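Right after this note come the structures.
Both complexes below contain chain A, partnered by chain B and then by chain C.
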Partner chain A sequence: MSLSAIASKVREGAPLSHADGLALYQHPNLMEVGALANDVRERLHGDRTYFNRNLHINPTNVCVAACKLCSFSRRGADADGAFVLDVDQAVDKLRARLAAGDRVTEVHIVGGLHDGLPFDYFTRLLSSLKATAPGISLKAFSAVEIFFFHRLYGMSIEDILRRLQAAGLDSLPGGGAEILSSRVRKAICPNKCGADEWLAVHQIAHRLGIKSNCTMLFGTVETLEERVDHLLLLRAQQAESAGFMAFIPLPFHPENNALGDRPAPTAAEILRTVAVSRLLLHNVPHIKAYWVSLGLATAQTALWFGADDFDGTVSEEKIYHQAGSLSPQALASGEIARLVCAAGRVPVERDTLYRNVAQASGGAI
Partner chain B sequence: MRRLRLSTISFLNTRPITYGIERGLLGQAGKDRFELSFDLPSRCAAAVASGEADLGLMPMASYAASATDLRIVPGIAIASRGPVRTVMLMGEMPREEMTSVVLDEASRTSQLLVQILLRERGLAPTFARAEHDRVVDCIGGQRGGLVIGDLCFAAARRFPFVYDLGAEWTERVGLPFVYAGWVGRPDVLASGDVALLQESLRLGLANLPEIARVWAGQSGEAAALGESYLRENIHYQLGARELCGAAAFLERAHGAGLLPRKPVLRLFENEVRPRAARVSAARSLDSLLAEAADGERLAFEDGQRLYESASLYDLGRAADARRRSLHPRGVVTYIIDRNVNYTNACTTACQFCNFYRPPGDARIHTLTREELGQKLQETVDLGGIQVLLQGGVNPALGLDYFEELFRWMKANFPIAIHGLSPEEVRFLAEREGLTIASVLERLIAAGLDSVPGGGAEILDDEIRRCISPNKCSVATWLEVMRQAHRLGLRTTATMVFGFGEKSDHLIGHLDKLRALQDETAGFTAFICWSFQAEGTKLPLRDDTTATRYLRTLALARLYLDNFPNVQVSWVTMGPAVGQTGLRFGGNDFGSAMIEENVVAQAGAVFKLSAADIEGYVRAAGFTPRRRNMRYEWL
Partner chain C sequence: MKLEANEANESNFDLFDVGREALAAARTAFAGNAFFVSARRLQPDGVWLGSPEATLALVEEGTLAALGGLAAARKLGANGVLCDLAGGVAGEAVGLGMRVLACVSFAAEESSDTRRARLDQLAELVRRVPGIDGVFPVPVGEAQGLDTLQFFAACRMTCPTLHLVVDLERLGQKLGQLCLSFGADEVLGAITKQRALRLGEHAASNALTRDEAALLLRASGFTPCERLPEGEVQVL
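Presenting the complex of A and B:
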């Protein structure tokens, strides 16, 4: 399939095929693929580039999954460096940000699969955060964690989600998808839920009115075919349940984990994946250049390769930094706006559901 | 005025060069000025040497072997960038089985070329010489022949094994091959001659079908063959890449013991009219970008318009297309060298620098021979071929210090010296009361190989007064480079942005570099990066983010139409931005640096090995090749 044939499909808004996806990955000229993705990005969002003010809370790094790709987890509660935040500590993190005058609109919560915590810990965590800041949006627990809760606490996925929703859960983050392929999952995260289960959690969440994101961890053992399969699985899920807000491509970071002997995907490969995902996921509204993982420079550049979202102010990111990410652990919202403006785009502060909070000013630089 | 006697060659490929003169199309000035005679290439050289001719269309090897001091006319050459079709090794057997090769006496350059290429393949046939018209008849059995000129077209149909030496040279070296140029003694040209000679060629290039038709009538070959040969195989420009290709060839010949002297390529210093840009306000951004991507010259205002108004993506795409047409083989080069700062003492006290110590400071250190020797040995051990040697402008160090230092370096290490930026050269001239040219001549005699393009920052005196008031002026920076180029040195050019300069300062900088390059063709590469503010006296008050860098890089690739290479600067911008830069106009990954001090002191912390660099280059879809300062593949 030639690029011009793909281009005309893109112009008509027709879904691209698996072969198209591979052709985009293999096309020798990155700039041509990027141009197509940029056209789609500009058609959907113009120059607008979204970001939010958010706070990351990792309740625990204790995890039974022992994924090879991970640098964050500790095997048991007694392991060196293992921690569990108590609910008050978590609430204090939010309080501290609010007290500093930061208008945080979202808390992003993901953690390890800790088998020694009561379910009540998680509902209390959500309700306490919500009580502290009633207007705040809680984006919490990846599908992997939800599925783990379902197994550990012996409740259906739907029951788990309903209870968390009642405690204040607003949306699900997109993590844990890695590559939706049993071959790849066996190799890099054998103890995580399977691909079908990951998709099932999102399907049920969408049915309950819980929006979510989706991700792809690339650069471990997967083939290009498997990346395209993954994107098409997400697209099919979206066609059915329509609850994904954003897709977030996540390049693998090799430090301090068991897969570390392979090189991390480079900027050229990251930009390619951003572009291919924008083109294949025609029914997912936003593509996020998650600066924590991509690095500021590549995230900024990605805004011209299909991405329309820079993620948020974040403080304080742990998972990627344990794996060697060199980006800062937090950015002030003014700094994000400055980077977006410098890239020639218009920064727009959003809430979790992509409603405009304000058109940000990049200021004079 | 006396008539200028031109000795030329009667091959098809020389006809475009002499076309305007032969047809009397240069007006009365041309008719009065030139007198043309036709010869074989080797005789053409003899005529110039003996003074029978003022200018000869001379093979490069004859130029290099001449005992007289000669100069080359700027801008005009007979060169190839791939297959040439008229310099061929032919035979009844594959070249590996040839026991002897008969060389055409007519061109010394082709003789050296075939010898070098066979030797580099590990082949050692014996060589004999024959007259131009007899070579083809000598070929047979295990005896091959070097066939040159128009005879090749027919002969190539006769023999089963035919090797195009132009193609092989460029495949191997990554540079064009220069066969011949206009050469004469330094004082023969008068004002206006270069322009007339260039006009003669321009008219020839505009009339290729007619030239091919006339040739077809005389030779019995098809006119279409002649025309495609002149259009696709022969290139008439003598630009920076051609000068590098010619230097690479002559140095390889010298290294192989085939040329007695180490050759230096020097151009006539007569004024060269810069190539004009088409100025028209009516063009859209898209058509400007498309034209620039095709290599058309951008006017100052159009460069400014693109910089201010074109989207990052559109600039990048156009620059990528331009890079692709200049470097169609998908090769990204890099060099292994070491950045050595021989002293941190410096009197210029630039606001943006975090490396220097003022005279009298207790932390001043000038490297000892032992320290330097250790660094150089490490460099050689790691496969390094060059040292980038820069200060400090240290008033304690005079010209004799550098002469001794360079001689000592050359005597003890197989390493090229890429050293002393213009500010350091200017300072030596001032300190010693010498001209810039004589300082450079003495440094060259001591071993200087090329000059780094540092200290350019922004070539605008207003900006320089703010950020580096004691550093050389724009005019001096350019003059040092001009003199270096005239003495046969290659140099680079840099630009540092992010000091609060406006687009007219940036484009002005590029414009000055482009004009000098039109004159000397001495710059091999352009490198830019953003100001690294940490720890310096200047506050960061400007956009120095990745996208500003990519935009500037792309614009530079488009504006600097006569610069063969654009380096990405991973040392300052980081490997991710460096790699992305390969899609925004860059074709060179710079150096696998063993040491860097200056920007490291200002917060740039990146380090890459040769293997890392090759990994980034491959991941971006390119083939990595090591190079030297001439951008000759190694």
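Presenting the complex of A and C:
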């Protein structure tokens, strides 16, 4: 399939096929693939580039999954560097941001699969954060964690989600998808939930009115065919349940983990994946250039390769930095706005659901 | 789920217009090849920074006075010069058979007039000293992503037939590779044969292996070529 034939389908709004996806990955001219993705990005969002003010909280790094790709987890509560935040410590992190005058609109919560915590630890965590800042949006627990809770606490996925929702959960992050292939999951994260289970959690969440994001961790052992399969599975899920807000491509970081002999994806590979994602996922509204994982320069450039979201101010990011990310651990909202403006785009502060909080200028917001 | 189209692009800047022209010029100049070279640098105190096995042994023009001049740097093993835009030493270095790269600085916040004037100075130097082999952009302060790419594109259009060299140590691997889509055709830095696992003290290693360097070039659509000692080039 030639690029011009794919471009015709894109202009007509027709879904691209698996063969189209592979052709985009294999096309020799990255710039032309990027330009096509940029056409879609500008048709959907113009120059607008979204970001939010968020805080990352990792309740624990104790994890039974032992994934080869992970640099963050510790096997047991007594392991060197292992931690579990108590609820007050987590709340204090939010209080500190609010006390500093930061108008945080979202708390992003993901952690390890700790088999020694009671379920009410998580509901108390959510309700305490909500009580501290009732207007704040809690985006918490990846589908992998939700499925782990289901198994550990013997409740249905729906019950788990309903209870968390009652405690203050607003949306789910998109992590843990890795590559939705049993072959790849067996190789890099054999103890995590399977692809069908990951999708099922999102399907149930969407049915309950809980929006979510979706991701793809690329650059480990997967083939290009498996990347395209993954994107098409997400697209099919979105066609069915329509609850994904954003897709976030996540390049593998090789430092401090068991896959450390592999090179990290290059910037060109990252930009191509951003572009292919924008083109294949025609029914997912937003493509996020998660600057923590991509690095600032690549994330800024990705705003021309299909991405329309720069993620947020973040603060306290640990998972990617333990895997060798060289990006800062936080960015001020004004700095994000400046980077977006320098890319020739228009920064727009959003909330979790992509409602405008403010249209930002290049300076402080 | 059907997504609605939004308003048209609100600005006139188009990254792809900038990149396409520069990329095409680089491909034409070097027939689709791009180069990588391991490099080390001579410090003002005469100590080398980098592997003694590096192919390119560079000295900056600004350090020559402290070293005792170009001949002294040659005796210490220098085979390449990073000359400034005044180009005082460029002609002499070319005459000695050294590889000469013209340094051209850029800063994210500078005006377009300032930048244009510097590029004009570069063009004048290249006209005046025919043996200059390449252009070596040097960021002042922290290099910004798209600003760097635009500057590389401008350098390519200013000197369409010279090598446009990325300093991986200053720009990093990711931004450095992106420059290859905006007119650059060569990357220079600490490039080793093998690297230890990224564990423990090696976790933050920035060294690039030869295979990774070749991958950077290949993933940008170029045929990778390694510069070897004695001016040879190996197509990979």
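Heads up, the rule we're going with is that the second predicted complex is superposed on the first by the 363 of 365 C-alpha atoms of A that agree within 3 Å, B and C clash if a C-alpha of one lies under 4 Å from a C-alpha of the other, contacts with A are read in each partner's own complex, and residues count from 1 in each chain.
Operating definition for what follows: a residue touches a chain if its C-beta (ideal position, glycine included) is under 8 Å from a C-beta of that chain, and two chains touch if they have at least 3 such contacts.
Owing to the predicted nature of the structure, the values given are computational and were not obtained by experimental measurement.
> After the alignment on chain A, I want to confirm one thing: do chain B and chain C clash, or do they fit together?
Verdict on chain A: clash between chain B and chain C.
> Applying the document's definition of touch, where does A:30 land relative to chain B and chain C: first, second, both, or neither?
In the superposition, A:30 contacts both chain B and chain C.
> Quick check on the superposed pair: does A:242 touch chain B, chain C, both, or neither? Answer first, second, both or neither.
second
> Is A:219 touching the first partner chain B, the second partner chain C, both, or neither of them?
Once the two structures are laid over each other on A, A:219 reaches no partner at all.
> Name the contact category of A:312: first (chain B only), second (chain C only), both, or neither.
A:312: touches no partner chain.
> On chain A, which partner's contacts cover more residues, chain B's or chain C's?
C
> Once the structures are superposed on A, label A:46 by its partner contacts, choosing first (chain B), second (chain C), both or neither.
The answer is second: A:46 touches chain C but not chain B.
> Where does A:282 make contact in the superposed view: on chain B (first), on chain C (second), on both, or on neither?
Touch partner of A:282: chain C, not chain B.
> In the superposed arrangement, does A:347 touch chain B (first), chain C (second), both or neither?
neither
> If both complexes are laid over each other on chain A, which piece of chain B (115-123, 223-231, 349-357 or 583-591) hits chain C?
So the stretch of chain B that bumps into chain C is 583-591.
> Pick out the shared contact residues on chain A: the ones touching chain B in one complex and chain C in the other.
Shared contact residues on chain A (touching chain B in one complex, chain C in the other): 28-31, 34-35, 38, 263, 266-269, 271, 295-298, 300-301, 304, 339, 342-344.
> Sort out for me which residues of chain A touch chain C in the complex.
Listed in rising order, the residues of chain A that touch chain C are 28-31, 34-35, 38, 42-48, 238-239, 242, 254-256, 260-261, 263, 266-271, 282-283, 285, 295-301, 304, 324, 326, 339, 342-346.
> Quick one: which bits of chain C touch chain A in the complex? Just the residue numbers, please.
The touching residues are 1-11, 13, 15-16, 19-20, 23, 108, 143-149, 172-175, 177-178, 180-181, 197-199, 203-204, 209, 211-212, 215-216, 219-221.
> Can you name the residues of chain A that touch chain B in the complex?
Touch list, chain A to chain B: 28-32, 34-35, 38, 263, 265-269, 271, 295-298, 300-301, 303-304, 338-339, 342-344, 365.
> Using the touch definition from the top, list the residues of chain B that touch chain A in their complex.
311-313, 316-317, 320, 541-543, 545-548, 550-551, 573-577, 579-580, 582-583, 615-616, 619-621
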